[in-house]
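Labels A, B, C and D are assigned to the chains in the order they are written; within every chain, residues are numbered from 1.
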Amino acid sequence: MGSLGQFTRSPGSNLMTAGVIGIALALPASFLLLLDNIQILTTGWQGQPHASLFLKRALDAGQVATLAQQIGARASVTQVRIITPEQGLQELRELSGFRDALTLLQSNPLPPVIEVEPRGTLTPVQVDALIDALAVLPSVEHIRLDRDWLRRLHAIMQLLQRAIWIVASLLGVTVILVVGNTIRLDIENRRDEIVIVKLIGATDAFVRRPFLYSGLRHGLAGGVLACLLVETGHLLLNGPASRLAGLYGSRFELTGIGFSGSFTLLGCGAFLGLVGSWLAVGRHLIAIEPR
Amino acid sequence: MGSLGQFTRSPGSNLMTAGVIGIALALPASFLLLLDNIQILTTGWQGQPHASLFLKRALDAGQVATLAQQIGARASVTQVRIITPEQGLQELRELSGFRDALTLLQSNPLPPVIEVEPRGTLTPVQVDALIDALAVLPSVEHIRLDRDWLRRLHAIMQLLQRAIWIVASLLGVTVILVVGNTIRLDIENRRDEIVIVKLIGATDAFVRRPFLYSGLRHGLAGGVLACLLVETGHLLLNGPASRLAGLYGSRFELTGIGFSGSFTLLGCGAFLGLVGSWLAVGRHLIAIEPR
Amino acid sequence: MIRLDGVGKRYPGGKDALRGVSLRIARGELAFVTGHSGAGKTTLLRLIPLLERPTRGQILIANVSLTRLPRRRIPLLRRGIGMIFQDHRLLNDRPVFDNVALPLIIAGAPHREIGRRVRAALDRVGLLDKERQYPVTLSSGEQQRVGIARAVVARPPILLADEPTGNLDPELSAEIMRLFERFNELGVTMLIASHDLTLIGCLGHRRLTLVDGALVDDGLGGCREI
Amino acid sequence: MIRLDGVGKRYPGGKDALRGVSLRIARGELAFVTGHSGAGKTTLLRLIPLLERPTRGQILIANVSLTRLPRRRIPLLRRGIGMIFQDHRLLNDRPVFDNVALPLIIAGAPHREIGRRVRAALDRVGLLDKERQYPVTLSSGEQQRVGIARAVVARPPILLADEPTGNLDPELSAEIMRLFERFNELGVTMLIASHDLTLIGCLGHRRLTLVDGALVDDGLGGCREI
């Protein structure tokens, strides 16, 4: 005893309320998770343009290696890769079907190349400064910066993120509307109970308590459901995603919601349930007091 | 008169109900629209592998053109493109930074190439048959089929579609839950009214009518809201999408919901509102009759 | 007009609210039902418009057996029976006028007719000035009178009243009783449940007395003192 | 104990339900309030536990002015006043026992105490065998008695009853009145609104008569006949 206890309700309607809250929570959670995964994926895709340094043809392998080491030692560079003329020719052969044509070459016409990958954290201005610094190196014949595919990636990402934000914010509004509406209608049904208990001398806290409990219960149940839904979605998608990653030779795995994510989701559910009930009960408590 | 007329309600709660239904409808609609757009986009991406026919070096331009015409006339081929040795060299030069190297070539070592695009409706077996038929042509030196990128595209599409279906079906469940729950709670609040009117001798039809009206009204309002939301989303995304398409030299435009789509959405809203109210009222009508 | 043959009603909990009640009320008769609290008066009245079904026996209204009445005919039965409920049963979100007009609207009466008849009924119970108020802003006695007006507005051939004067002062009660008698003179068959023995006793009508669900007395009431 | 000074109550619609009512009820007194339907009896009773605020005048309960009572002290005031409502006001989704126990639970009484006192209260109104039933399965008189049991279970120093016997038969009414007199003898201050002049008249207590919201008579009732 000590409080009004649970108000008896049909289990069906309880389930429905929890279900609505659960799905409403699961959707934005999945979308944020998706955004997370895309960000993980795209940092793997090296967010910076590569620079290809075409070196003077006169350099021998040792000089090229030294130069690569010097460049690689710079703070602004993540990685360097040497492409010897032989490797270059090999790559060229494998690019489309020119294998036969290139075997006809008497000598290798390709220069040694160093591919430089600037650090991902650099701003475009810093990248330009780096390129300028590399361009004036005496052994560098000329330098080429691949920006095109980056512009494309950028555009795709922008589109994707905008779509995800629109959907996520719509879903956010839905969650608030749905939870608020559900709890509001739920409580409207019990207006009489609130009024009667107040008439008899119950404090606001006493009246509020069972509603807060049931709000919390619905919210938590919704949170649990949301976790289950998100994890199910993750499991369903993980297969195709890692198959896809496999095609690109990557070992990418979709990150799941994890412990802290589940915790956040439960927390959000509980919080929404509590706040929703608090507000809805509060409205009634004020409405029935004489002015 | 002639019916119970509208049951007076606070406009706020009406708005909330319509809002919940509207968002619940807008989300699956957007997703189906997204799926539509992706399908339009990917049919533009030619869903079949290209075959590159490397021809005998001895053929002159006229013979190549004749051959291309013959191949293009086949029912199973959508498009052919001739790549002359000069164009091939040009393309090769533009691929990465080998421009300087290739200017050193004394003669063009490349053969003429015909790129063949099989019709999109062919099955993999039919594609193989086509390739086999082309391979035995006397002027063809050898043939190369590009399947890799197709496998990748296929994997991406599969992932995307699976994700979209999961989300869309979740949203479908939400719509039903939300609409059902909203109308159910709405009507639960007026159980007394239903009972009293029945006690006095109202027929089921009479009791049902105002609820059907209000269900219809909520549903339609939700449908209108959904249309507005989807169109807003479309307008917000269209900018980045066509910018992106521009980068690929395409004039792709996101298709909007359109007239028939809006109509469907309104229809769905009205239908859900009607059916939801019908079911919810029906439950009460049965519950209050003596056994 | 109303005939009960060995009617019994057992509620789901196992409580026998009525045990083998048999009675006949002729067309145009006025009868009172009395009995202690919980005797089954309300239950008896609720059986007649099929708000509740008897568990035993059978009921005939105007020679039609309720047992064989198809479900879709129930509304028509109820429209022919005006009922005044002990707990008023008004629509709280509609003003007095609309509440009283309800039976006419349900029966599909023409618009002008409705206004005229609703005001006539409200006038009879002395509430003409409250037609635009909502039930919650009325005193209990006023709500009870709205219930009475609603029951009589469609001039049903049968009128059932469950404690129609429980919340009224003696003068008003007597006035309402006179109103009922006038209806009765117009040929309406009436069954009124009431505790107000002082009032019933002096009017000299038939009186049915229930004790624990059984009909123990069926006769004319005398003007006895308590 | 209860003191009203020139109290007026005008409802939002513009209706004056009470006009300048002044009265004093001493500790341990028992007074009846009578008056025609709509006279303002319920309004008067509702002002005392601050279910409604007066628009004019002032009210003092145990020498505390209600005008200056802070909002958070209202629940405490109400716990000290047992109220029987004309429309019962029971929680329909909880059994009789829980309804009667409510004031004790709100006051935080110990668990064992609750069971004992609830059963004692139910016994006094003759409903001990209905403790597990829900209010909707009770007759009106039974519901009214549940309301009475709920009002007295916490033994409040003030008891307000609005038409407590409106749905009860004469014997039961007399019994409930005797119960109220016993409470009164134990020192409870009581104010009872009732139409049942027969009953009130013979008991010989103070009687306040309201007409259209004004207090027109304040004296001992005699056993007069109507």
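As a convention for this text, a residue touches a chain if its C-beta (ideal position, glycine included) is under 8 Å from a C-beta of that chain, and two chains touch if they have at least 3 such contacts.
Remember, predicted model here, so these are calculated numbers, not experimental data.
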{"item": "Centroid-based (C-alpha) most distant chain relative to chain A", "value": "C"}
{"item": "Approximate Å spacing (C-alpha centroids) for the pair chain A, chain B", "value": "23"}
{"item": "Cα-centroid distance, chain C relative to chain D, in whole angstrom", "value": "29"}
{"item": "Centroid distance [mean C-alpha coordinates] between chain C and chain A, Å", "value": "68"}
{"item": "Arrangement of touching chains [line / ring / star / complete / other]", "value": "ring"}
{"item": "Chains grouped in pairs wherever the two touch, ordered by label", "value": "A-B, A-D, B-C, C-D"}
{"item": "Chain A-facing residues of chain B, complex", "value": "13, 16-17, 19-20, 23-24, 26-27, 30, 34, 52, 54, 88, 91-92, 95-98, 100-102, 104-105, 109-111, 113, 142, 144, 151-152, 155-156, 158-159, 162-163, 166-167, 170-171, 173-174, 177-178, 180-182, 184-186, 188-189, 229, 233, 236-237, 240-241, 243-244, 247-248"}
{"item": "Chain C to chain D touching residues, read off their complex", "value": "11, 13, 15, 34-38, 41-42, 86-87, 133, 137-142, 144-145, 163, 166-173, 195, 197-198, 226"}
{"item": "Sites on chain C touched by chain B in the complex", "value": "49-53, 71-72, 74-81, 83, 85, 89-94, 101-103, 105-108, 111, 114, 150"}
{"item": "Residue numbers on chain A that touch chain D, as the complex places them", "value": "1-4, 7-8, 192-193, 196-204, 206, 289-291"}
